[in-house]
């Protein structure tokens, strides 16, 4: 903000340079992985090398695509609902202490339920369609959003509250004007946690019972000993999650820039 | 919990759900063939085949959320002992095609050789009891086996890395895969080793309510299934292709080889595909009871029926 | 409406503090105070004597006191009475621009923001903030922030103005401008002003009456009526009357 | 803080009253559950009523206890490591931008890996003992801690930094004095997310292969149609998670009180 | 060591701001300044003219300027020079007690905290903060916070003191006390003081020299040597010499 343009540019360049580091680390990792597999002559069914994995991705690209779309659909739908509910309940809990005290423990409980265990119940209650999958994704993603949002919403600045009260702001208005902007960074860190769980959540949800999706594809590859395809699947899941993550980061940057926090 | 009875209309196909035991494989070929070849449609059915969470098919069928499912004789026995009204309506494979496999170099040829070795399984007490029974029968000391729980870990990965020495596999699946991989295995056929273990695995199940209220549905379904398996028996290659077409995610070479192996064994020495014998049921039920897995003897004649086979 | 302020036997104690021996920290003790409608009253007093606390109580932000307070006929303990209140800290929202901070009262009472923005523009210039409308508070100087807070206070509803050291961060010249502006606003809009300051000259120049508070626990120690005629002139500083006032204020302050 | 003792007491009472709400909700829930099971005559293998479940807990208490201890051990060990690593890496990433830029994406990746799928590999690398289980718990709990901590650590207060710099505080010291205290609330919201995952994480880790633990107990209960025991298991998991959660909340309250945030 | 401050042709422009037409906001323009070792120099100037920015630059906190600055022989752009710097905002850590806020400089330079605590105790009393050692900043009045910040500044290392409106929130009486204390410290520890204030009387009373800055972009507009002998007496306010000083300062301020 207040640096001369020159240093600003430099800084930008340096950061761009830094952001290559993880890419380099990943490339090195892949390289060593391949080297290790070659050197120790590891059999591909124990640990396929990256080349084998990428080949598998290429070979199975059509199949992968259909399954990806299914899983992505579930993940996005669930994520959407989770974000909506997370924000709504975050707001409610941040705004209203009784609600917080009453709901918080219940939400914690929903988090602690090992969902896969209850798979048959989910199948019995909600069948094998889209709904139970979305529910599972929601249950996995909802909590981090609402908890981090709430936590930042309840941080109070007494003087700010005072001045707003004097100006005649209702409780809600004062909340909207002072607390919500202040809690947006918290919301975003919750969102980041949530998106990284959404794809995995959708995959797990498919294990309850499904016809299509990366989760199904995965188990089928696994039980028919297609280890390379299994890895390809994992790779795709990682990539999808990262894309979602980056998206959130992008939106955050826009937002934070616009709101321009201290 | 069942769907209301409807007069079969030629146009409107009745929607039916069948759950597998887990991932699709050659045990399920008949179902997929029946679906693909229109054998179900001929019966006025539209069958949806679902891959469920492992080991949950029984509960799902018992609840009626799916009308049919794939299970095992042992599960049905468990269920009935717990007053869950499942019933087996066909044996998919006439004899037990599972057994204990190990890498050739481990030299495990008989249950006696289990001594001093590591067994990797999914952690059920049933496995322990089975191994103990086999070893005791062979006069070996069960306490010398190490039982390790390896969950769903891949047999090849765990044995090639020396984590385990032997495991319980389906000959028609992992056994075939070993050949594909060029690995030589020693295989101890469970059913041959002890007749009591020649039980039915897998079986097709439904629940008693459906049986009572919509016998026609079960008849229709089984007609389709039977036709499917009979087709697979006669045309292993086409059947394999159909399975691959329906489930392209699974290992295609494995399916082809496995199908060749299994096609002869679906019916095997039985008069017709799917027949179940009371003797087989009784034998294994007694064994389960004797080993304390069930706390009451079930009436095996109610646990299965051949009514839909003939 | 009657815009007077009446305070009777006000006592205020903060409790639950560190090192509390159980008696709490007495901040205000038996404060009696009456400000007529449209009167301009200044409060002087040693730092930490409870001036800000007094204003907070009058604004209805602090309710754990003893005694009675009336703004007109209303008790702010039980009923919100709109006042223009300027805290000692500027309390600007760091994520808002200067302009949208200033317009906050309008936004809150759902006024016409566009109109307000146009109306306020000349004032922004007068306050020396032109060109800084879109700056964030942290990009402003201390005095600029204070002026922004004053402007915001001006836009609040209420016939009673409570100002807590509003010109503390301003230089002499700007301060004089602001003083004159305030006098104008006070005269034109017939507001009642309670004005906390540390500047004796400022208090005399602006007020009808100056109240001097004692050390903590603060109470009203002295009261000086300033009888200069209005409009006031800066030159009155040279009169002996002025020195008299100043002297007696200092006397009260020193006790 | 500044309210008279009287209202302070009242407030305390009111909050105590409020905290019964979730308990009431839970009790009502259990009650309706039992009523529903009775009324619709739900078969116990589909959904056992709470009485059946509590009976199962009572009947199997000895067995349960042994399994609980195993799982709790794994969860606590993993949680301990995760907290340690989460704090260390949170600090590193909050302190040092290059580290953050380099490591952050890698950590995100670890989060997106569907662990259960790679379970067999874990077994190959780490065997079937304690270690792979701890690793899985660590992988599940580590991320929320480090991300929320980091997010709060990088919020800067320019003036505070200035004054510390003038006082000659090294970068690290200034970080320690100004940023860490400010980021503690963030750390705690991460901890709360993490502890709710720890028990479930341990249960899932046991599916890789184990001899004891709630995860194993669960699968056994499931395959032999002891649905009530399964529910008992789930109940225990929930209770354990809640206890851990409350513990974190308690520590937070102590801490926050001592540090006394604005 | 040589504790002088030398500034040559200092220009400072803030860039990248809202509504920037590309030229940025010029804050300081061609500032030339020399403060001798152990000299007490005050800076007066209109609000927003760049006084705080100037101090920030001298303290080495702002490096994007043009021109040359030397503290003794060191350039703060390249080498940290320890100074006692008091920002315009108090910058107390809200989660620390008054005492541990005050002792922060000792804590940072790993000094003997216990000893420092004992040594500072009389000063805490002198500053009117006794009994408030364990209060959090938000439980203190504005003036108390400012005094705490001043005390913290006193504990910093450095022979050069940069004070940004240190007495802005204090009443007349306390302010005088603090002024006398500062004079004492300055005399005893032979510090070089650069003192920003808005109070002309204060500037004259304390300083060897008063600098007056122009409107933004700020530059040194005028310089008045205050030739009153030390120790200064409050009564000098009555001399004609004093009125002269004041008049010329006001003249410079008004241009």
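Lettered A, B, C, D and E in written order, each chain numbered from 1.
Methods note: a residue touches a chain if its C-beta (ideal position, glycine included) is under 8 Å from a C-beta of that chain, and two chains touch if they have at least 3 such contacts.
Only a predicted model underlies this, so the values are computations on that prediction, with no experimental measurement involved.
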{"item": "Touching both subunit A and subunit E (chains)", "value": "C, D"}
{"item": "Highest C-beta pair count, chain pair", "value": "A-D"}
{"item": "Centre-of-Cα separation between subunit D and subunit A, whole angstrom", "value": "17"}
{"item": "Chain centre separation (subunit B, subunit C; CA means) in Å", "value": "86"}
{"item": "Inter-centroid spacing, subunit E versus subunit B (mean Cα positions, whole Å)", "value": "86"}
{"item": "Rounded Å distance, subunit B centre to subunit D centre (Cα mean)", "value": "39"}
{"item": "Residues within subunit A bordering two or more other chains", "value": "1-2, 46, 116, 120, 124, 158, 222, 261-262"}
{"item": "Residues within subunit E bordering two or more other chains", "value": "14, 17, 89, 138-139"}
{"item": "For subunit B, residues contacting two or more additional chains", "value": "56, 59, 63, 152, 154, 157, 161"}
{"item": "Of all residues in subunit A, those that touch subunit D in their complex", "value": "15, 18-19, 21-22, 25-26, 46-47, 97-98, 101-106, 108-109, 111-114, 116-118, 120-121, 124, 143-144, 147-148, 151, 155-158, 185-186, 188-189, 192-193, 196-197, 199-200, 203-204, 218, 222, 230, 233-234, 237-238, 240-242, 245, 261-262"}
{"item": "Residue ranges of subunit C touching subunit A (in the complex, touch as defined)", "value": "56, 59-61, 80, 82-83, 85, 87, 89, 91, 93-95, 104-105, 107-109, 136, 138-139, 156-157"}
{"item": "Residues of subunit E that touch subunit C when the two form their complex", "value": "14, 17-19, 44-48, 51-52, 88-89, 97, 128, 131, 133-135, 139-144, 147, 165, 168-175, 198-200, 250, 253-254"}
{"item": "For the subunit A and subunit B complex, residues of the former touching the latter", "value": "43, 45-46, 63, 67, 116, 119-120, 123-124, 127-128, 207-211, 216-217, 219-227, 229"}
{"item": "Touching residues (chain side subunit B, partner subunit A) in the complex", "value": "17, 19, 22-25, 48-54, 56, 59-60, 63, 65, 152, 154, 156-157, 160-161, 174, 177, 181, 247-251, 254-255"}
